[in-house]
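Letters A, B, C and D mark the chains as written, and numbering starts fresh at 1 in each.
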Amino acid sequence: MANKRIMKNQIIVLLLVSMLVSGFSMQTKKKIIFFGDSITQAAVETNGYIKRMDSILQQKGQDKNYELAGAGISSNKVYDLYLRMDDDVLAKNPNAVVIFIGVNDVWHKRTSGTGTDPDKFERFYNAIIKKLKDKNISVYLCTPAAIGEKTDVTNPLDGDLNLYASIVRKIAKNNGCALIDLRQAFLDHLKANNPDNKDRGILTTDGVHLNRAGNIFVAQQMYHVLSKDFIK
Amino acid sequence: MANKRIMKNQIIVLLLVSMLVSGFSMQTKKKIIFFGDSITQAAVETNGYIKRMDSILQQKGQDKNYELAGAGISSNKVYDLYLRMDDDVLAKNPNAVVIFIGVNDVWHKRTSGTGTDPDKFERFYNAIIKKLKDKNISVYLCTPAAIGEKTDVTNPLDGDLNLYASIVRKIAKNNGCALIDLRQAFLDHLKANNPDNKDRGILTTDGVHLNRAGNIFVAQQMYHVLSKDFIK
Amino acid sequence: MANKRIMKNQIIVLLLVSMLVSGFSMQTKKKIIFFGDSITQAAVETNGYIKRMDSILQQKGQDKNYELAGAGISSNKVYDLYLRMDDDVLAKNPNAVVIFIGVNDVWHKRTSGTGTDPDKFERFYNAIIKKLKDKNISVYLCTPAAIGEKTDVTNPLDGDLNLYASIVRKIAKNNGCALIDLRQAFLDHLKANNPDNKDRGILTTDGVHLNRAGNIFVAQQMYHVLSKDFIK
Amino acid sequence: MANKRIMKNQIIVLLLVSMLVSGFSMQTKKKIIFFGDSITQAAVETNGYIKRMDSILQQKGQDKNYELAGAGISSNKVYDLYLRMDDDVLAKNPNAVVIFIGVNDVWHKRTSGTGTDPDKFERFYNAIIKKLKDKNISVYLCTPAAIGEKTDVTNPLDGDLNLYASIVRKIAKNNGCALIDLRQAFLDHLKANNPDNKDRGILTTDGVHLNRAGNIFVAQQMYHVLSKDFIK
């Protein structure tokens, strides 16, 4: 009887200790939310860029400290992010948010007449950052990567996409946010790896959405910037 | 001396009373802000629809109780109103706001590729109303009136404009807001007064912006609805 | 020997007569080419409107005298017809041509920025008709039927489609061509048969392309007009 | 009396000779038509590029042999040239035609939804060249120069304009036509002369239409190519 009681007590103590330990580890695991459009929606699938970042974290033995979550919805533009950020981001208490938006703000001008004016793009982007910073969330900004992979600047929306990429760079600078310059990284990579001037197939399946190589590439670019200060 | 002192006191009392009276009258003058695009921006000019409403109030002897103010900016769409409503509307403590928006949300699809998706139009419109109602401000919604005045449904954007007008009607119903159905009023008026099926010149100068008759017509439509409950 | 030679001669005579007869029947079979976009491209498939017209001709016992052929290519606009009419129409020596074009001239304004200006639509349409008439080919014009089936004039492109339908009516009148007014027929039919104001599913699968009922309906409309003078 | 009569005869002979001479020179004057849009419409005005080319010819003493004529109409796209070439070009029997088109084929995608698909652009361009060559007219092709003068490839339509410039280069090659590569010349000139990355004001007034310097520049580019074989 006495032994049983002692065992019981020991079990309770062990449970308490394990709860405590797991509780601490849960508390110290930092949450990173990736906030974007269809490219990010696909990123949580097998071989998606978020899964790839998970793999990198595992390789580096950093996976116990970070939790990655996707918040991408197909066809989103900057003001869609603004409209749903309370529910999809703030309610989940992230420590960092990686914003990857802008392709549809340009693309939809051509495909449905409902793209975003440059000045409104900037205003909504700033409004999102303000809300995140007010909660002490670290914010990382990605430039929109590509609408077409040709390297001779004849992808029809190259000029406009470059313009929105330059706006994101300005926003990052003005807000003191770290920049993940996917647009520049894509241009550099394609210059070296697209000798036939193809409009798709190197980093994307269709000029916009990432293929296997593209997801790996984006994960590496993001890890590179996040590991400078946030991921340790 | 005594008389002088009495006179002084009398003057002071008169001043206090007049200050009090004018103070009360200032407090009781209700402010109505008209919130919209270039149509409303022009409404504060001579013969503009806000000036016309002022005239109606004067005729009815109601001008001492109401103050009308314009908050229209050229090329605005629904999310422009959202972005500037704190500064341009809430900061001015209105008692009522008349929202007159939607033409550019449709028109800019055709002229710059940056119109507004119907579902986003509704979400931003609802967000504006929520912010106003949270401050106990009375809200009046106008359907967008016209992009072209032809009566045989061949104005190129008639279908889309009807769609956005129907969305505004739904928003008004869902939020319990009074509706000023300018779209329907224009269609009815033009049916009767545009026998040559002209695309401009009856109520507008260019199919969109109000001419003299159009400003009078809009003022009447607005007064008609506002005088049902707000203006007394 | 003599009998054999007589038989041979008889066979030769029979062959010649049968060739002659079939030759005559070939000469008298009148060819009708349906010239258009994806709606017409699908019309040669099972249950397509050209197959349905074939069935009507069989029912009426008129199929021996008429040959129906499709010349529809997906995404075509009026100037695509103009560019390929020598190869796809004139080279095949039709007796009549039914032109069914206009949906993409309107629709592509919204979906790719490459619709057709109204005045150019008219000029290319007239140029097509002139080339056909110069060869004494009977020409029938169809108004574009639908982009969305809603009956409350809130299909976004209703106004523009009505405009192009009115241009086709004018072109028919100016050139003395018979008109198959599918737009009006659709509007009338939908008014009576779309009580729930659905945007598809009554005569189309997607608002534009014909479903089973739509193909039957279009075949009937075309037969109705063609049987007034051309099909007897 | 006799002297007077002799003088009269001498005068008549002189007049006849001078008429003859001028008649001959009129016959041998070669006509060059500049065929394009609003940029070419403005080129016949004072300081326009056609007037500037006239000045160059005068400086070189070549103006007696060449006659320059403008055939530019505002808002024209490639198929507008096709539709009016019989009246505006062929009827005037030119010896050479300089085609300068393409800006609106790209621009109107954004501003009215009625730009030109790349493949149709090429087909109509080829059809124009064929008609000119059938009349033994020398044909010179210009790439579209600019929609915005910024040098960091952020003019919104840079990509699409580069694409259409590349199509013109291909058409010139395929048809054995001399190329006046204004697009490349503008890019090179602006790289060197637009250090502040302005979107207008170096060679254009508004990013598209030529200013004084732009008209001189275009005249020089055209003279440079035409003087290689046609102007001597």
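Miscellaneous remarks
Quick note on the criterion: contacts are C-beta pairs under 8 Å (C-beta built on N, C-alpha and C of every residue); 3 or more make two chains touch, one makes a residue touch a chain.
None of these values were measured; they are calculated from a predicted model.
Each step here moves to a touching chain, and the least such steps from chain B to chain C number 1. Of all residue numbers used where chain A meets chain B, over half belong to both copies. The two sides are thus made of the same residues. Interface comparison, C-D versus B-D: the higher number of contacting C-beta pairs is recorded for C-D. Chain B and chain D, compared by their mean Cα positions, are separated by 52 Å. Chain A and chain B have CA centres that are 42 Å apart. Between the CA-based centres of chain C and chain D the separation comes to 42 Å, rounded to the whole angstrom. Chain contacts: chain C has residues 109-110, 112-113 touching two or more partner chains.
Across the complex, chain A meets chain D through its residues 109-110, 113, 148, 152-163, 166.
Those residues of chain B that touch chain A in the shared complex are 79-80, 83, 108-110, 112-117, 120, 123-124, 127. Looking at the complex, you find that chain A touches chain C at residues 110-113.
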